[in-house]
Structure formats: C-alpha cells, structure tokens
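Each of the next two complexes has chain A plus one other chain: chain B in the first, chain C in the second.
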Partner chain A sequence: MKPFLFVLALLLSLTASFLGAQAPEPPSILVTRQLAEREGLAVGDLVRLAADARGERARTFRIAGTYEPTPNPLRLGLVPREVRLHLPDLLALTRDPDTPAGTERVSSVNVALVDPAEARRFAQDVNARTPGVFARRAAGAAGMGSIFVVLERFHYAIAAVTIAAATVFLLALTIMLVDERRETVGVLRLIGLPARRILVQVLLEGLFIAAAGALFGLALAAAAEGLINRFFQWRYDTALVFVRVTPRVAALSVAIAVPLGAVATVAASWALLRRRALRLARR
Partner chain B sequence: MSDAVVAAQRISRVFPMPAGPVVAVCDVTLTVAAGEHIAIRGPSGCGKSTLLHMLGCVDAPSSGTLVFDRRDVSTLDDRARSLLRLRHIGFVFQRFFLLPMLTAAENVELPQAEAGAPKRERRARSLELLAYVGLGARADHRPAQLSGGEMQRVAIARALANRPRLLLADEPTGELDQTTGEQVAALLDRVNADGTALVIVTHDPVLASRARRVLTMRDGRIDHEAAR
Partner chain C sequence: MNVLAFAWRSLIRQPARSILGILGVAAVGALLFDMLLLSEGLVLSMRDLLDRLGYDVRVMSTDSIPRPGPDLADAAPTAAQIAKLPSVRTVVTVRTEAAHLVREGVSVRAALVGISGRPRPWTVLRGRDIAGAGDVVINDSAARALQASPGTTITLSAFCSRDDAAPPPRRLRVAGVAEFPFDTPDNAGAGLDAADLAEACAQSAEAADYLLVTSAGDPERAAADIAALRPDLLVLSNEQALGQLQQRGFTYFRQISTVLTAVTVSFALLLITVLLTVSVNQRLGEVAALRALGFSQRRVVLDVLCESALIIGIGGVLSLPLGALLAAWLDAILKQMPGLPAALHFFVFRPDALVVHAGLLAATAILAAAYPMRIVARLPIASTLRNEVIS
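After this line comes the complex of A and B, so read on.
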C-alpha cells in the first residue's frame, strides 16, 4: 500500500469520524484532476474501487471533488491518476478478509507540522519518547534531499560552464566591437583626448551596455520562464514549476554580468589604446 | 628663437622591427616660428610624415630634444602631451578622419568640448569656423553627405577649433581633385595668413611652392632647404 495514500487518508480521518459505518450514502472520495479528465468523471458520480486488479471485493464510492496533486519532481513523467479515501474506507478496502477490523498495521505515517522548522526537534522528541518508532524529517526521507543536493550541484556546474563560455563570447564580441571603433578612437587620440579619458568613456559605455544587456537577459529569462513552465507542465501534465527566476537569481545575474561586461570592454579598449593613434586611425 | 612654436634639436625616430630597427627620421634639427609656413617634401618613406607626427606630439622621438612652447615634450606624460595637442596643435590628414556619426558642427565642437569650452560658446565658434571655411550652410550635415573637399574643409575647421598656434597638414590635398585641392590650399594659406604657423607634408610641388620655406627630405634627413 502506498504510503502517500495513508497520509492523505490520515489528513481526512477527522472528517471520516463523523461518518457512520452504516451511512446510507456511499463513502465520498476525491480524485485527481488527471484521473477525472482521463475517465470522464464528475463530482457526484458513483465509482467502484477495488484493491486488486481483478476487482474482487470492490466497493462503491461517490466522488466528492477533484484535486490537483502536489507536484513531485521525483515522479516526473508519471501522470498522477489517484484517489483520496477516508482512512477507514481505505482500510476497509485494502484489509485482508481474514484480518479483523482494527488490527491493521501501517509501516509509516507522515506528520505535517504547523511550523516545518520544528521538524528536527519534533523527530528527536518522538524518538526519545516512543521506543520502537523511528521519526525523521521528510526532507531527508527516501534520499530525496541528497538527490536535490546533487541536482543543485549539477546546476551550479552548468552555471559555471555557461558563465565561462559567455565570458569568452563576451570578450570576443567586445574586441570585435571595440575594433570596429578603432578609427574613432584613433581620431580622438589625434585630436588630443588622453587615453585615460577615452578609457573612462568606454568604461561608462560598457557599464551602460552591460546593465542594459543584463536587464534584457532578465526580461528574456522571465518570458522564457513562463514559456518553459507552460510547455513542460503541458508535456508532463503537472503543476510542477520547472524554472523560477527569483530576485536572488536576478540580482546574482546582474552582479555577475555588469562587472564582467565592463571589465571585458575596458580590457579590449586598453589593448587598443596601447597602439599608436595613427595606426588606429589608419585602417 | 624666442618666437619658436616648436623646436626639434637632432631628433631621430627608430622603429624596432623583427627584421631589425628602421630609422625613419635621423638627426633632424628644425624650428618652426610663429606664423611660419613650411612645406616638407620628399619621396615616399623618406620620413616626412614621421617628422610631422613628432612635431605634433603624436609620436615621440627616439632621441634628441623636442621643445614645444618652451616645454620639453619628452618630459610630458600621455595626458600632458594629449592636452598640448588638444589646445595648441591642429591636425589635418589626407583622409580627413571626421567622426561619421557626428555632424560637421559637432565634429568641430568636439575638440572645444574636450578643452572645456561652454556649449553656447563652442556652438558659436563652430558655426563661425564653418562659415570661415565656406561651409556655413552644411553645419548639420554628416560627413557622408559631404564631398571630399567639403570634408577636408570641415577637418580644417576642426583643427582650428581651439585656436592652435601650429597647424600640421599631412598630404591635405592627396585625396582631392586639382580644383578642390587648390581651394583647400588657398584655405590653408588664409589660415596661415591669419597667424597660425603651418607645416605641410606633401608630394605636390604646386602646394609646396606656396610655402615660404620648403624642406626636402631623403632617407630620414633634411637634404635641402629653400626659402622664398
């Protein structure tokens, strides 16, 4: 039995306690949006569910509503066609016929805390108070945490390679742009502008262009964020967010791009300004 | 000479090359007095342009002394030499070297702006100079909209922007037809007559003959000097 079914059922168990075992109405369930769309189900429909593929001991339920399942990156590509049952209904549906009611066993239970930051202390407290029960934070459960740490490092590696490649590209582009202006620089030098004055001008231009480029890049990223999310959410039928440009990411991008652009411009210009003015002016 | 604008004392210029050093100018002594008109002639590669660039503080001599306005140029750093060029020396080149993105008036304004002239004053000065060179009506035209002769006249106006004591011209009529070249030569004569010392490097004997002193260079040295 899948643990998450227990969890969901547990969350609804209080509601279940108000329902009598002899209720004339079939018990209610929730179905995922994906399942409802796939099977053409609607709120109020009666469905029969069984715990095995042969449909033995099937029971009738009424659909009380649909829900969007919490996106799970680890189950990407698996369309969640699931139902949520009240815990007693779930137990009744899945219990072995030979097992008396009330003697069922579960192997794990997820507990949602009001303050997630308390998770570690809560786990320590449970472990200390309840021998035979092992409590741990969900973030570290089933190796999920380590997977995301690896993913994050992978992203950092990609970012580092991208920045290195972009720097080379930017330098090459800047050298080309500055070289395009060599005649102008040469004329300014011949007129009598000191190299430092030209360098300051170029630095200001470089800062402006780099800032404008960074803002353009952010606008592009914001637009791409929506497109990428929409495409993959459609592709995998999930509410999972694939790309998110946070203020921290935006600030970091600008903090890297602007100095990098300015330094690249100044470096390229400095190489040019070291040449003789007449050689610059004469192509 | 007390009224010397620039005085070169045994200046030489050697360019280090992979195949060995090339001596472009060798042991030249020359004084340009205020208001003087000098032409430098000679075959290609004789060092006349290099000499002109040294007189204009664009290039520095490898040896010898160059004094501009009683200041030893060899003791000046890049900024000081640039300011000297900006305020006291005008350049006119064969290929005009106007900034294509600026209008004629803006090209003339540029050296004044760098010299710190107020905007209104430099605008008025630019229009006055463009009128002086006969291009008052073309102030707002960009170089691409001007003929070769007009571009060279704008270049002369730009060279005069900061009222230089010395105007240096490197083949100023080299890219112009004969008629236009004569107009530019006449304009340069007028600039000189108005008090600016003028040194022209040219292949053109007619243009050279307008100068009061004609220096002929050969192999980096002044081979012959004639006065009119």
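After this line comes the complex of A and C, so read on.
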C-alpha cells in the first residue's frame, strides 16, 4: 500500500448494500485514525476518493482499517488526513485519461537489500548507472535526521545553561553550609584530625548528597516523563514520544551531577580548611 | 540608614555568597528572558517576512500552509476576476519551481519564483529589476556560485516534474542581484516573469501555485470579498496565515518555551528561598540583637525582602545582556534546521517580554523572601539572644 495525501472531496457512500448489488467489491484502503475520527469513518464504510477538488472521476473504496501514521515532528499540529491505497488503485485514480495504463509515473521506489549495510554503495551504484534517477539511503532520506540533531543541540545548550546556573547556586549554598560548620571543623582540627582527613570526610558527604540529589532528580524525571508525553501527545494528537529517560541520559545526568556536587563541596571547604584551627574555633 | 542601604551592607559583608547568588540569578534570568523571546519569536519574525513581501492576502487551493498545495489551474483568469474587486489593489500569480542555472560550465540547483506583476517579492540589491521577458534576478548565493553579475547571461534548465517532458534550456539575462525574503542559507534562488517560467517549464501560463493580493487598505475585507467570489479556494490574510502557523508548526517552540519558563522560575524561586533561608538562619542572633536595640519587626522583615530584591534585581539586570548573547547562540543553533529562511529568527525582542521578565523576577523575589521573612518576623528575641550567648 502506498501513502497518499488527498486534496479532495471525501464522500460517504449512500448504502453499502446498494453498491454491493450494483458493482464488484470496491478496492480496500486504510485511513489514519485522526481522519477516521474527524470524518466519523469506520471500518467497512464506503468512501469516494478523487484526485482533484471538484471530485471528478471519483472512485469508491471500502475502508479496511485505520492506522496510526508514522509521527512526523515536521508536521506537528497538523491533522494527518492520509489514506493508504494499493499502488495500482492509486495509479488508476490519478492517471491522466490520455495516459495508457502501465506508463504512469511513481515518485519513488523503495528497495529492501539483502544486506542493509550495503545501502550506501548500492545507492552510489544506482546513481552511476541510471542518469535521471536519484538513489539514497532510506535512513535520513526524509531529511528529519538533521532536524533531530539540531533539536538535540538546542536542548544540550539549554541543559548547559541550566547546569551553569545550578553550579553557581550550588557553590553559594555549599559556601554557606560549610561556613555554618566552621566551629565544628575548628574543634575537629584542635583535637588532632588533620585537614586532609576532614577534607575526605567533606568529600564523602558531598558525594552522598550529590548522589542522593541525582537519584531524586532521576526519579522526578521518570515520573514527569509519562506526564509530559501524555500532555503533548494529547495536545498534538500524535504518537510522537517527546521525552524519554534512557539509560544513557540517566547515566550522563548522574555522571555530571555527582562529580559537580562533590567538587563544589570540596571547593567551598578548601578555603575554610586552610585557616588556623584556633581561628575556626573562634578561640 | 534606610532599609535598602542596610540590606546592601548585609550583602557586601559576605561578598562570595552574594556574588554567587547574583550570578545564579543572572544565568536563570537569562534563560527566562530567552524563553519569553522564544514564545513569540517565530511568529513575529514570520510576520515581518510576510510584511516585507508587500502583500496582504494569499489565495491557494488548499490549507497546506506553509506550502501552497496543488496548482491553481485557472490562476490567470482568477487573478483577473479578483483584481476587479474594489477592496483589492493588485493581484499577482506566483509559480515556484526548481531548476539548474548554468554559466560557463558551472551549474547550481536553484529555487525559482515566477511572478506575473508588481510588487515583486524580492528586493534588488545590485543592478535593476526584471523588465520583461528574458530577464532574471538572482540571489547572492547564485551570483557567487555562477560568478554572475548584472548583465551576464545564464542558462536555465527547469525540471518542473509534472510530466515526462524535458523542456529546452532557456537563456536569460541577469538584470540584477536581489534578496528574497524566504531565501534559505547558501541556497541559490532566482526570480523572473511568470510567463518566462511557464515557458521554461513548457507549461501553460494560466496555472500558478498561488495568488498574492495587495488590498486597498483593509486586508480582512479583501480576504472576505475574495472568499465570497471564489468559495472553492482558500483565502488567508497575513494575520490568518500567521494564526494557522501558530496553531501548527510554531506551537512546538511555544510549548517548549512555556515549560522552560515554568521550570526556570520554579528553579530560581527554590534556590533563592534556600539561599535566603540559610543566610537568615545563620544570622538569627544578629537579627535578635537588632530587635533588642529597637529595630521594629517590620524593619527586619523589610531588610530580608530588600536583600532578596537586591540579589534578584542585580541578577535580573545582568541577565538581559547575558540573555541577548545566549539568544544569539541558541538562535544560531536552531537556524541550522534545513529549509529555514535565513531571515527567520526564533528569538525576537519585544518590549512586553521585558515587562513580563521583570514581573516574573519581582514575583520571584517576593515569594522567595516569604519564608525567611516569616522566620525573622516570628523570632523570639530573648530566647534567641540567650541561645546565642550559651552557644
């Protein structure tokens, strides 16, 4: 079956039984779920399709089923009013009356290779052998790959700014928290604990807190994932997945958050530990 | 000493934490500012592009904005009909095709615009506008690739893929170099008379992709009149076209902007609250001493509020230039999307974004100070001082 976006009048038939008695069983088509919902179409309905807005040379088809169209971020917000037909039916519907059957044009030919890894070489071979034909790998052929790459870069940039802001706040907080424990640190130094020992303790504390914060953040993200996806899928009536917390994303978040938290704690404590113990203990 | 000066002294007494707090607010504020610019940026930019075209209304076969949809087979007679309406000043037919432009063995693929009248949807940068058959204007990218300038001759091989015919190449004279509002970066483009383009495609000059209309002053009235004349066609004023785009392709960035604005404000609120709360908790003894010396409850509460206002105020002011730089960077990233006009921007400044930005930061300053203000207001003076002495 071949996807085909129609421009045309789509009319419900009068009665299936009447047409069934008058003509052979009409060819079957699939319609998108969204189109079926909008136009009140159901499996088994007879519809008339034409290739022009005036409905000339319309033909009758029976809806064999509905399908969820492949989500396309480029068409977000558009209702996918699409119908899939068998290629011969589509050619018969769109063929110019002067064009003999079998000489029609098709816009593209999809080829399944025995070895998909050979796709690039196959495309180069076809391009070299058949002037006027342009072959390319199916992956990224729709031109969407680069859009996703750009959106990914945009989100990384937003994340970088967020991390920078969070780091600054984290440093401010840790400086305040460390300052709050100045006297405790002074007493520990006075009773004989070396600065390095206290620094290790601070580092471990920072690691624990950062790890707990990162895990809490991941749990929050996992909980928000479903909500965000459900909201946007409802908003745009699409099956597109907007947010996915993958193991790679989770690992990356933890890999950034934990060392950052630990480093911020140590950096904030460093200046404090360089002071004299008596001064820290305010004696 | 007034409250603000006192709060200022409290801040500069602990410069490290104050500077870090202000920098944090500046970073968050910059992101917030950018999200506000993003929320309407594409629409404003697209409105600017449409206005620069010089037309008020477009007439198409279907509602397939931004693409014009199937051809209008009877475009020329339709344009003549529409031109007679009193609410319409001018009508032009527009045809767009792809072609190879060739000069001295160098060939570039170009997007062609064929237009039947005036105003032209391009601005001539060098040379002159097309004067009739055989003239073409090309954009800078095509001029560079072909090393062509006004007066040179190029060959046009159109591939208007509606049938199997291969129309013969056509020689055209470059009248000028022009800027096309919807040019994509590094893509060659050219504009010529619609009849010339139809001939290059070996097709009827009657057909066009869509019509562009300049109203006599009231675009909505002109659109309504055209819709009444030809109810089978889709007629959209620029505002209606923008409305459709807002509901479709542009909505993603508006939603992203809304979500990130909410997240950014919550983030700033949470962090400033924590900063102020920890800061106040460290100074409880000092606050109690001030109260014992005669500072009123209102005065110490206002001191906390002013500290919050100073951190967020200074950070907010710093966030504007930072936001402008960040917007330029993010815009450059998003504009790498294929097929986007070079003149289209995602982040566009508008004065009301500044007002909303200031309003959100002010609300954040007040809300962030609410809890620490409560701590200070309810501070038991005697027991706090006693605890301070004992500890």
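Basically, the second predicted complex is superposed on the first by the 218 of 283 C-alpha atoms of A that agree within 3 Å, B and C clash if a C-alpha of one lies under 4 Å from a C-alpha of the other, contacts with A are read in each partner's own complex, and residues count from 1 in each chain.
The working rule: a residue touches a chain if its C-beta (ideal position, glycine included) is under 8 Å from a C-beta of that chain, and two chains touch if they have at least 3 such contacts.
Just so it is clear, the model here is predicted, and its values are computed rather than measured.
**Q** Taking the superposition as given, does A:Ala165 touch the first partner, chain B, the second, chain C, both, or neither?
**A** It touches chain C, and chain B stays clear.
**Q** Of the two partner chains, chain B (first) and chain C (second), which one does A:Ala195 touch, if any: first, second, both, or neither?
**A** first
**Q** See if chain A has more residues touched by chain B or by chain C, and give me that chain.
**A** With both complexes superposed on chain A, more residues of chain A are touched by C.
**Q** Who does A:Gly186 touch here: chain B (first), chain C (second), both, or neither?
**A** It touches chain B, and chain C stays clear.
**Q** Quick one: classify A:Leu78 as touching chain B (first), chain C (second), both or neither.
**A** second
**Q** If you lay the two complexes on top of each other, which residues of chain A touch chain B in one and chain C in the other?
**A** none
**Q** Quick check: in the complex, which residue numbers of chain C touch chain A?
**A** Touch residues, chain C against chain A: 16-17, 20-21, 23-24, 27-28, 30-31, 61-62, 69-70, 164, 232, 247-249, 251-252, 255, 259-260, 267, 271, 274-275, 278-279, 281-282, 326, 329-330, 333-334, 336-339.
**Q** For a test of understanding, state which residues of chain A touch chain B in their complex under the given definition.
**A** 183-184, 186-197, 276-278, 281-282
**Q** In their complex, what parts of chain A are in touch with chain C?
**A** Counting only chain A, the residues touching chain C are 7, 52-53, 73-78, 105, 143, 146-147, 150, 153-154, 157-158, 161-162, 164-166, 168-169, 171-173, 175-177, 179-180, 228, 232, 235-236.
**Q** Okay, in this complex, where on chain B does chain A touch?
**A** 53, 58-59, 78-79, 82-87, 89, 91, 93, 95, 97-99, 110-111, 114, 158
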